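Heads up, the next two complexes both have chain A, just with different partners, chain B and then chain C.
On to the complex of A and B.
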C-alpha cells in the first residue's frame, strides 16, 4: 500500500503552487506541515484527483490514479479544508447521500452511519440541518463522511480547524486507531495536531518539500538549536531580531521566559532544551513568513 | 443509479426554494387559466339604443348561445348564406361601416366566425390581401373549400417558387382538412395564455436548474462529491435526470391544471374547432384547437427539456450559479429579442434552432403554427413549426451529454 507522488508540480499562470514534489506515502499517519500558501492544499487536491498536476505522476500501488479512476476513489476518504455541504440536508440525510455516492449498500450504510454518529458524538444532532450546526460539529460531520467507506487512504485538510481542545484530542484518538494498515495524510499548519500521532512528516514551503522524515528524526535535526532563557522585558526587542522566538511567558513584572531557536545561544544565561516539531517548524519558517501567515 | 436519482430528487424537493417556485408556478397556472375568461366580451345594443357590453362569464354564456346557429361542421351552404347576408346588408347600407349597430349585432355578429374564415381564405394569391365579399358569387361561396385549396396552392407557389417539394408536402397535409368545424369556446386567447405560461415555466425552471453543478463548485461541496466512487459521471447523470424529471413534473402539473380549468370554463366540445376558424383559414395544418393546444404543450415540453439541458451545460462549465443564471436567462429571451430586432432567413434559422426558440410571444411555436412560413436554407426548406421541435429533441441529448461530460471532467480551482 503506497501512494507515490513523483515529481509533481502545479503551475498557474503567474505562480508555481507545487514544485517538483516527490513523496512515497505508505501506511501510517503522515503529517503535511506548512504555512498558509505553502502549497499543501494544492498538493492534497492533486493527491485526491480533483486537480490535475501540470507535470509529474501520482500512483497508487504502482498504477496511475487517473487510470484507477473510480477504483481509486472507492479507496479514498477526503475532508477538504472548506467543507461545502447541502444546507437542506440533516446530518443523517447527508451521510445517507454520501453513502450512496460511495457505493455502500443500504444495510452497510445504515450500520456504518450508526457507528460513526456514535464515534464522532453526532447522535444528538443527527436530525438537525447541517446549516444550523457550529463549525466544530460541521467538521465532525465532514470527518464522518470521509470515514463512511472505511477508506484505505484518508486525506484530511486542516481537520482540526474549528474544533475545541477536547474534540481535537478525540479526533487524534480516532485517527490513531484508524491508521493501522491505512494511509492517513493530514495537512495542517498547527504542529501540535500531528506531533504526537504522525509517524512521518513532510514540511512544505513555497511549494516544495523542505523536510521529510519521522517525527523523531526531524526533531533530532534541531538538537542543540533550541534554547530557553530568562530575559529582562526591556531587552526583548533587541533579541527579537536576532533569534526565532517560539514562545514567551512573562515570569514577573520585569522578566520573561523565552524559548527560541538559534544555531547558538544568543541570550545570556540560555540553556539547551529538548526540541519539538514545532521548533523545527519555526526554524524552517522565517519570522516574515509567520507574519504573513498571521496577516500582519 | 436509481438510488442516486431518488436521493437527488429528495434533495432537490426538500429545498425551500424549489417548493416556493413550484407553488408559485401552480398558482400562476390557475390565475392565468381564470384570467382568459376576462378577455370575453359581448357587445350589444340595449333597450335605449346604446352600445353595451357584457364581460367574463356573462359574455361567454351569451356568445355560446349566439353562435349555436353555426356550431358544428361548417357546410358550404352556411358559407353561401353568410356571404349572401353580408352582401345584402352591404348593398342596402352602402358599406359594412354604414350598417346600423342594431342590424350589425342581430344579423352579422352571429355569423362573424364564418365571415372571418372567408376573409382569411379568399385572398389575392399575389398579395395575401383579402378580396372584398362583393367580388364573390354565391357559387364561389358554395364552392368555398375547393376555392380555398386553389388559393392556398397558388399562394404557396408564388411565395416559394423554388420549393415544390415543400409545397407538395403542404398540399398533402391540406388534403386531410375536410370541412371546418366551429364550436365557440376555447379560442386564441386561451392558446396565447398557454404560450405565456410555457414561457414562465421555462424561466422558473431555468432559474431552478442553474445551480445544478455550479452551485456545488461554488460551495465547495463538489470537492467531496467528486472524490467518491460514483461522484463524477454517474452523479452528473443523476443530477441532470432529476432536473429533467422535476421540470417535466412541474410542467405536467401546470399545463394539466391550466388546460383542465380553461376546458372546464370554455367547454370540452370547443376543442373540436378547426385551427383555421381561429387563425388563418388558409393554414394547411389539419388540426383542431385541442390538437393545436396539445402540439403547443408538446413543443413547450421539448423547449423546456432543451433549456434544462442547456442550462446544465452552462452550469457544468461556469464556476458560479449567478453567471450561469445570467447566461441561461439571456438564452431564454434571445429568440424574442431576435424576432423583434432582426429578420431574414438566417436569423429565422438561428432563432428557431435555439433551445428556447419555441417559447416567447409573437415568435412562439403557436404563432409559427398559425402563420406557417417556409424557412429556406439554400435549396432546402422547412416549415417553421417543424424546425424548433426537431432542434430541441437533438439538443436535449446533445447539451445533456456535454454537460455530464464537462461535469465529470471538471477540475477544482
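On to the complex of A and C.
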C-alpha cells in the first residue's frame, strides 16, 4: 500500500504553488508540515484528486489515480481545511448524506454511522444542528464523515485548527488508533500536533519539500543545535539577531529563560537541550531565509 | 481502468512484464474492493438528495409557491373576475412566478459552493456529473409539478390558451435560467442568495416593463417565433449546464471510470 507523488507540480499563471514534489507515502501517519502558503493544501488537493497537477503523476499501488477513478475515491477519506455543511444538517443527517455520496447502501450506512457516532463520542449530539456545535465537535463530525467508507487512505487538511488542547489530544488518539495498516496524511502548520504521532514527516516551504524523514531522524539532525539559557531581559535584543529563538519565558522582572537554535552556544551560560521537531522547523526555515537573503 | 477492461486489453496486446504487473495490481485492487466494500447504491443517493439536500425551508417555499399558484388565480377569479380574464394581468404574474422558480433552482444548484461542501462532495464516489444530474432531475420534477399546477389553475380561471400560458411561463423561466447559470458558471462561489435575489427582481421588473410598454409581446408567446425563441433559450440552458459540468469535472480530475 503506497501513494506515490512523482515530480508533482502545480502552477497558477506566474506562481508555482507546488514545485516537483516527490513523496512515497506508505502506511502509517505522515505529517505534512509547513507555514501558511507553503503549498500544503494544493498538494493535498492533488493527492485527493480534486485538483489536477500541472505536471507529474500521482499513483496508488503503482496505478495512476486518474486511471483508478472512483476506485481511488472508494479508498479515500478526506477532511478539507474548510469543513462545510448545509446549515439545516444535523449530525446524523450529514453523515447519512455523506454516506450516500460515498456510495454506501442504506443498511451499510446505518451500521457504519452508528459505529462512528459511538467511536467518536457523537451519540449525544447526533440530533443537533452542526452549525450549533463547537469547533471541536464539528471537527469530530468531519472525521466521522472521512471514516464512513472505512478508507485505506485518510487525508486530513489542518484537522486541529480551532481545537482546544483536550480536543487535539482526543483527535490524536483517534488517528493513532486508526492509522494501523492505513495511510494517514495530515497537513498542518502546528508542529506539536503531529510530533508525537507521525511516523514520517515532510516539511514544505514555497511549494518544495525541504526536509523528509522519520520524526527521530529529523530530530537527530538538530542534536547539539538547541540551547537553553537564562539571560537578562535588557540583553535579549543583541541576541535576537544572532540566534533563532524558539521560546521565551520570563523568570522574573529582570531575567528570561530562552530556548534557541544555533550551531554554537551564543548566550553565556547556555546548556544543550533535547531537540524537538519544532526546533527543526524553526531551524530549517531560518536556513531557508538565509539562503534567500544571500540570493542562493 | 476496470478489471474487465484490463483483462481484455491483456489478451490483445503482446505480453510484457510491465503490463502483467499492472494487471495484477488492478486485480488485487478489484479483489480488495469486492471483499471489503459495501455495495454502492445510486438510488439511496437520490433518496438522500431528496430527503437531505433539499432543505426544509426550500420545501416550504415550494409548497407556498404551489399553493399561491393554485389558490392565487382562484382567489382573483372569484373576487376580481375582470382581472382574472385579462391576460395583461395574468401573464406578468405567471412570468414573475417562473422567474422566481428559476432563481430558486439556480440557488439550489450552486448551494454546495456557498456552503463549502463542493470540495468534500468532489472527493466522494458519486461524480460531480452525477450529482449535477441528480439535482437537475429533482429540480425538473419540482418545476414540472409547479408549472403543471399553474397552467391548470390559469386555464380554469381565464380564457388564455394553454400554449400562451406555457409561453408566458417558459420564456422568462428559460431566460432567467440562462442568466442565472451563466452567473453560477462564472462565479460559483459568488452565487450568493442576495445576488440571485437581485437578479430575479431585476428580471421581474424588466418583464413588467416589457408588458407595460409592449403589451403585444403576449402574442409572441403563442406564435411560432415564440416557440423558436424558447427552443433557442432551452438550447442555451443545455449549453450552460454542459459548461458547468465541464467546469466541475475539470475541478475534479479523477475521472469516474468504473
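Everything that follows uses one rule, which is that the second predicted complex is superposed on the first by the 285 of 296 C-alpha atoms of A that agree within 3 Å, B and C clash if a C-alpha of one lies under 4 Å from a C-alpha of the other, contacts with A are read in each partner's own complex, and residues count from 1 in each chain.
In this section, contacts are C-beta pairs under 8 Å (C-beta built on N, C-alpha and C of every residue); 3 or more make two chains touch, one makes a residue touch a chain.
Everything numeric in this text was worked out from a predicted model, so none of it was measured.
Novice: Clash or fit: chain B and chain C on chain A?
Specialist: After superposition on chain A, chain B vs chain C: clash.
Novice: Give one of first, second, both or neither to describe whether A:145 is in contact with chain B, with chain C, with both, or with none.
Specialist: In the superposed model, A:145 contacts both chain B and chain C.
Novice: Using the touch criterion from the header, give the chain among chain B and chain C with more contacted residues in chain A.
Specialist: C
Novice: Which partner chains sit in contact with A:49 here, chain B, chain C, both or neither? Use first/second/both/neither.
Specialist: Both partners, chain B and chain C.
Novice: Once the shared chain is lined up, is A:23 touching chain B (first), chain C (second), both, or neither of them?
Specialist: In the superposed model, A:23 contacts neither chain B nor chain C.
Novice: One more residue to check, A:284. First (chain B), second (chain C), both or neither?
Specialist: neither
Novice: Which holds for A:70: it touches chain B only (first), chain C only (second), both, or neither?
Specialist: both
Novice: Classify the contacts of A:83 with the two partner chains as first (chain B alone), second (chain C alone), both, or neither.
Specialist: Both partners, chain B and chain C.
Novice: Have a look at where A:258 lands relative to chain B and chain C in the superposition and call it first, second, both or neither.
Specialist: Once the two structures are laid over each other on A, A:258 reaches no partner at all.
Novice: Using the superposition on chain A as set up above, list the residues of chain A that contact both chain B and chain C.
Specialist: 45, 48-52, 70, 73-74, 76, 78-80, 82-86, 88-89, 93, 96-98, 100-103, 106, 145, 149
Novice: Touching residues of chain A toward chain B in the complex: what are they?
Specialist: Per the touch definition, chain A meets chain B at residues 45, 48-52, 70, 73-74, 76, 78-80, 82-86, 88-89, 93, 96-98, 100-103, 106, 142, 145, 149.
Novice: Could you list, by residue number, the parts of chain A that touch chain C in their complex?
Specialist: Per the touch definition, chain A meets chain C at residues 45, 48-52, 61-63, 65-74, 76, 78-80, 82-89, 93, 96-109, 112, 145, 149-150.
Novice: Report the residues of chain C in contact with chain A in the complex, numbered from low to high.
Specialist: Going through chain C, the ones touching chain A are 1, 21-22, 25-26, 28-30, 33, 36-42, 44-45, 47-49, 51-53, 55-57, 111-112, 115-127, 131, 250-258.
Novice: Could you please specify the touching residues of chain B with respect to chain A in the complex?
Specialist: Listed in rising order, the residues are 3-4, 7, 10-11, 14-16, 216, 219-232, 235, 411-412.
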